[in-house]
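Chain naming follows the written order as A, B, C, D, E and F, and within any one chain the residues start at number 1.
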Amino acid sequence: MENNKRYESGLHTMEELFSPEVRAGMEEMKKISPDFWQMIVSTGFGDIYSRDTLSLSQREIITLTTLITQGAFDQLKVHLQAALNVGLTKEEIIEIIIHCAGYVGFPKAVQAMGIAGEIFKETEEI
Amino acid sequence: MENNKRYESGLHTMEELFSPEVRAGMEEMKKISPDFWQMIVSTGFGDIYSRDTLSLSQREIITLTTLITQGAFDQLKVHLQAALNVGLTKEEIIEIIIHCAGYVGFPKAVQAMGIAGEIFKETEEI
Amino acid sequence: MENNKRYESGLHTMEELFSPEVRAGMEEMKKISPDFWQMIVSTGFGDIYSRDTLSLSQREIITLTTLITQGAFDQLKVHLQAALNVGLTKEEIIEIIIHCAGYVGFPKAVQAMGIAGEIFKETEEI
Amino acid sequence: MENNKRYESGLHTMEELFSPEVRAGMEEMKKISPDFWQMIVSTGFGDIYSRDTLSLSQREIITLTTLITQGAFDQLKVHLQAALNVGLTKEEIIEIIIHCAGYVGFPKAVQAMGIAGEIFKETEEI
Amino acid sequence: MENNKRYESGLHTMEELFSPEVRAGMEEMKKISPDFWQMIVSTGFGDIYSRDTLSLSQREIITLTTLITQGAFDQLKVHLQAALNVGLTKEEIIEIIIHCAGYVGFPKAVQAMGIAGEIFKETEEI
Amino acid sequence: MENNKRYESGLHTMEELFSPEVRAGMEEMKKISPDFWQMIVSTGFGDIYSRDTLSLSQREIITLTTLITQGAFDQLKVHLQAALNVGLTKEEIIEIIIHCAGYVGFPKAVQAMGIAGEIFKETEEI
């Protein structure tokens, strides 16, 4: 029961963050490991993202920063979209990357900015 | 001239972020490398922190996150104080670390939370 | 209810891994953030360490390796003790570090071996 | 002579770990730097993998963990195959990745699980 | 004015390091964020690369090493070309990677050597 | 026999890099794991540092850079001394750290510069 609540709450937060297409892609994980899927939804999005105290747009500032810092550029794409979905502007996202440049160096910041450029372009084309 | 402006602007932002004691400690860098000190102030705090678009408290969310992610725990102390100085609450800082746990794993989050606990204690004692 | 089970199961696994002194030290976290303590026990030790398929000694091989790779040397001490507690031998621990040397380079392996040396010494003295 | 032994022993261990196709691909390194190839075989697989105390399947638990932790996803593919070759099951590999999630965060664990899913699929198709 | 000098000096150093094609590719950044482009040229190549005390070939030894260590393989390609442009030989580049193997482990060194092999091949074909 | 040569050559190179006190400290490793000590000397200093193509001062540029990039500040101290021993000047070491700032960000560069300052001071006092 309570676990159901954690899972439900995670699914609900994922709907605010990601488009149906992105969520469908994420659900592919279910086929490889249903347990890990459960953990992603219940722990990652239920226990963590659904908490109060920080807004979803503040949470995406954190997420973008940690992904850039650890060089997790595959996950960055999906969270750049999420950041736009929960209300961060293009200008704010660019500014996050510029701030990161001083903290992680140019190579990761340059790569992140290139990916942001692609996502911005895709968004405009829609 | 313009370089003076970058430096002045950096110094000004450092006053908003750090206590006089912390700034005095940072200035020790001058003795090792005056050029590097110049770069920290003009580039780090002048070119980057002094920019618009993000507030200083948003910038400290980014800074705390990248420091936790890269395991830069020595710098974390000073920026936990800065975060409090520019208006982030203890509850928000704890929440940033909890969010990071899902992105960088427990070891770094646990270490960050321990350091935050020390800083909170010091702050209360004053 | 179910959350209670996750927590109980986490506490139980922690008893197998850590000495009462180490657990008392860990519980200090409760004072800084009761929510984060809950998450460490329920998610870290309940959801993850308490699962089947891998034994606790296999899990400690993974834990030691990831801590060495990410340079999390503060957490390494406690897990070197845990590794001994769940049945890994000194020879196996040394061998894990030697294997890591080829994958993460000498600096981190040398630091890990130095810490292992200290823990082995403390263990013998008891 | 002794260096020959180290090299021979390395080649022998590589045969236990990798398919002929994979080994042929690895040998391409010879053309870029014969010295580095020598070092990979003699040091990596001769001095390290061929040692006693840990089995090859225990060594692959270490290798998978360090590759996931450092985000070395290109090398991960080849070692997921090696892990299966020396007797780790799909269930155990999934479990290693789930354990890692708590130690390195979701992004790297998600990426690793996706790659594992591909390798499992390829293996079934053969 | 002085900022113009920093920018001019950065552009000048970029001409010594990179081919016109590479520089044209880099300038794409201007379209995403003109401010970040300014920072790359003025800070990265003006303030840093244009300084005395170390030659450009010594600077590329540092750059290659840090890129390999942080696994920034996308940026590595462009700096392998730059390293050749400022006078490092193929043998020296191979030697840098071999030295790095002992410090960052085999996975990153193997990946770097593979990329170096590709760049060497392209260079010969011209 | 040949292994003896690798070991002898490693010891010889260590004498060029490190003071007798530093080497005595390093030899403590023998007591924890004689095999790992053998590997450090034969592989690290014999196979790698003793190779031609790059000078010892070029090798220390690489070593300092990789240690700063991976945040291995304990090992940094000993290699700052080694760098001075094989002929790098204080000015060149400061310059390496400034170059790194652009590639790894300010936090690691600041920490490295602080440690360099300490080592320079100790050296002057002798």
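Keep this in mind: a contact is a pair of C-beta atoms (placed from the backbone, for glycine too) under 8 Å apart; a residue touches a chain by one contact, two chains touch by 3 or more.
Quick caveat: nothing in here was measured; it's all calculated off a predicted structure.
S.K.: What rotation angle takes the CA atoms of subunit C onto those of subunit D? Round to the nearest 5 degrees.
M.R.: To map subunit C onto subunit D, rotate by about 180 degrees.
S.K.: Would you mind working out whether subunit B and subunit C touch using mostly the same residue numbers, over half shared, or mostly different ones?
M.R.: different
S.K.: Is the number of contacting C-beta pairs greater for B-F or for E-F?
M.R.: E-F
S.K.: Can you work out the whole-Å distance between the CA centroids of subunit A and subunit B?
M.R.: One centre to the other, that is 24 Å.
S.K.: Could you grab the centroid distance between subunit C and subunit F? Build each centroid from C-alpha atoms only and quote it in angstrom.
M.R.: Between these chains, centre-to-centre, one finds 30 Å.
S.K.: What is the distance, in whole Å, between the centres of subunit B and subunit D, each centre taken as the mean of its C-alpha atoms?
M.R.: Comparing mean C-alpha positions, subunit D is 40 Å from subunit B.
S.K.: Provide the list of subunit E residues touching at least two other chains, using ranges where the numbers run on.
M.R.: 35, 39, 43-44, 51, 66-67, 70-71, 94, 98, 101-107
S.K.: Connecting every touching chain pair, does the picture come out as line, ring, star, complete or other?
M.R.: complete
S.K.: Within the complex, which stretch of subunit E touches subunit F?
M.R.: Result: residues 43-44, 48-49, 51, 53-54, 58-59, 61-63, 65-70, 91-92, 94-96, 98-104 of subunit E touch subunit F.
S.K.: Which of the residues in subunit E end up touching subunit D in this complex?
M.R.: 71, 94, 97-98, 101, 105-111, 113-114, 116-117, 120
S.K.: What residues on subunit E touch subunit B, complex-wise?
M.R.: It comes out as residues 1-3, 35, 39, 43, 47, 51.
S.K.: Touching residues of subunit E toward subunit C in the complex: what are they?
M.R.: 101-107
S.K.: Residue numbers of subunit F touching subunit C in their complex, please.
M.R.: Where subunit F meets subunit C, its residues are 28-29, 31-33, 35-36, 39-40, 44, 66-67, 70-72, 74-75.
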